[in-house]
């Protein structure tokens, strides 16, 4: 079970996480992209952190605001994708003061569907979706197995990390890395790495 | 005693010498100039070498043609200076089939006066004149001591080399190197180096 | 402390400080919204004229901000370096330049640019009812298997399109016609680029990739990303061949149609080499019996300080030639005005 | 085999091949004598107009060849890279552009340029009786003790002078007036430059000097030569200060007189950084209560691919402003035409 306060803690932790890992994400993006993913994520999540002193009706309202903020501060491919993710997460959580594991599952699923709709990536395209898809599955399985929010998120984060590592041999078919053709193989996808960080941050804070 | 044929041999040797030392001269010019002296000299003397298959009335006519060719192919500071040098050398040699040591001395002096008039350099300005001035003196002294053309030129080349080495500690006051201020000290002047090569070539061929 | 060879203060402030400079340098041409990072044509909105909005990551100057003015763009949205701008910027620009005849969004085909402009167009439509049409440029022949990629990138043709369509908008042509013309220009042009060096994104602080002294990247985009292939360095003649050949293989063109030849420096290649390369390109085209009716040589769509070059060929007809020759008055491209 | 990051064929052919490219790219503006390496205004000689001839080493493009055309130069002599042209070229140019009103030689103050133009002027006078006047530009404040040097170098002011004096010649002003105006412009302007990297002369094949990652050269010329001093790299704000301060100390200017501010890229510095620097320059001038009435930002007088920048300030009066604004139509600078 998670509350608005937990979500606040999550988004604050997320900004710190992205700042801490910015150079690393940019380094990944240098290899098969344009060397800005870490800067983009750090800028956007810092803008979100600046929203956290205001008060919100519920987690849904905060997540919506966070999504809009990401859309208007990140730019690039990741801005609309992560922005849409948070905007869509808000739907299933509207009006809920207590977020149960199943609620969060529905929110995550809605968010990831948003990413898919925007980006049209499929599994194996070497994008953030390759971290999201197994994470969703692992989350649901954990919930079915009776795990709480924290446990389910830990399972999701672990699956995301595996998905991220699985992008390494892939040849990209979406996003900027796809221009590299075969040369994109042998590198982790930066977006899959930031997705993993996002879920690890959630597991730490929404427990 | 030197003849038209010897002068032809000199100019041919000179082109070879400049080609061989082009990289070295350009290297010197990189340190305190604009990295073109070797290329300039190689280009100009190669153009002079291309004149050598034609026939000339006397050495004066050939030297005049060589001077004009240098003026119109070298460019930069060294083009007008070396061009003027050869143009002026021609004067004292006009009509002479046999060039005695004293004749060549007069020609060298006229040439160097031309360099001074064009460039207005004085001793110690860190230019080619710092090689020419001691070379002229040594040449005249050798002639007074009874040396022939070859011996006098060898004395001149040695003095030029000393003059060249003497430019190293100097702070340039003329030409491009002067812009460096104190930073020009600690480097040989490229023009003094090419002057030394020119005299060494003469000593080899006009002997 | 400073170990980056860049004339900047804080990497975070590069874009806004450069915009300040643009505003100060071109007070007669431009009005700059520093908060939204949008560069406007001084007299926007122009009543009855279709508004032209473009934008993209910064670092490609003079594109797009330098192409704002009479006969070209009405507004350009500046993103962070190599990062597409955000929908807020595009919506602000769209609203500000609409002179009642609708607005064309000119978008280079990169996932980020396309998605952000898409969101902006959705929102503009919902919010304001302004008619928005979009053209996505994708002229880069380096990207071959467009089924297995994000599709061909938008590169050099974007500049030519902004000029040509800008002239048509200035003539008062309606939005539908403008959009069709934009599509036609995009479909009539092809590009290919190479890099001799990488470039350094200010916030990253070091070159995006490393390249040996004896090799180059063929088939690059404009974001300092590595190219399709690394090849051994060669003479200008051979490099021109490697750029022009794949373009000609793919360029829609009937016998006898003239072309516009555009040799573009990536930012760090001296103009003397660009002209030398133009000579090689022109020689190849002459051999292929292709008349170069118009040309453009210079740094127009760049990747910061990257050394490199792209070639764009655009098949011309009389309408396009007339529009190309029409007056243009922008900081980056100017004639007849 | 190829280990130089240059788009060239043979280093020996760089200049002539680039001239071929210029001729091909600007058939409406230029006529190029490839043998003599002189770029002519298409319609030279212009009857009754004073002819303007400049020239210098290549590698500074667009200067000077890119400034040939209506309202600027009638001819430009292209030397080898960083090597002044030779008297033959200047004589040919002088003869070809004389429209009966005499010819002005615009010479940058470098020993080689001065001596070669001197010889050409002597010969032109002797051979043809064409009236030749010469202006030698020497605006570079980096060179201080002009008694102990070859004197201040001619840099950025040369571009401004060619534009302004070109406009005056177009108006039909006589040679004496043109020469006096040229002297006035030269005396009203001052420049200072810095380099973040060296450049590579094609025939030398490697960078002229090496510079650490954390330092820059202050007080450079335009031939890739090292500067007056090596200093620790700093922010754009501090660097702008280091350029503008010595200029202001030396610039002849009365209170209230406006200036033209010219921020010039050396060839390898991206436009975004040039605009950012223009913002810094403008801020310093605003603080000093100096109005920037006109400005120019871009690569106009370059040193091949050198990363760096120069600032030129020119004190203006109404005549100079009018001449600056007058139409110009050259490959490198164009407005009002």
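To keep things simple, chains are lettered A, B, C and D as they appear, and every chain counts its residues starting from 1.
In the analysis below, a residue touches a chain if its C-beta (ideal position, glycine included) is under 8 Å from a C-beta of that chain, and two chains touch if they have at least 3 such contacts.
None of the values given here were measured: they were computed from a predicted structure.
Touch-path distance (fewest steps) from chain A to chain C is 1.
Of all chains, the one whose mean C-alpha position sits at the greatest distance from that of chain C is B.
A straight line joining the Cα centres of chain A and chain B is 74 Å long.
Chain A and chain D have centres, each the mean of its CA atoms, that are 54 Å apart.
Between chain B and chain D, the centres computed from C-alpha atoms are 32 Å apart. In chain C, the residues touching two or more other chains are 81. In chain A, no residue touches at least two other chains.
The touch graph of these protein chains is an open line.
Contact between chains, using the touch rule, shows up for A-C, B-D, C-D. Within the complex formed with chain D, the residues of chain B that make contact are 26, 30-36, 39-40, 43, 71-81, 118-119, 171-176, 178-181, 183. The touching residues of chain C, counted against chain D in their complex, run 1-9, 14-15, 17-22, 24-25, 58-59, 61-62, 66, 81, 196-197, 213-214, 216, 232-237, 239, 263, 267-280, 282, 292, 295-297, 299, 302, 304-305, 307, 309, 329, 334-337.
Of all residues in chain D, only 57, 79-88, 110-112, 115-116, 118-119, 142-145, 148-150, 153, 201, 203-204, 208-209, 219, 221, 223-226, 228-229 touch chain B in the complex they form.
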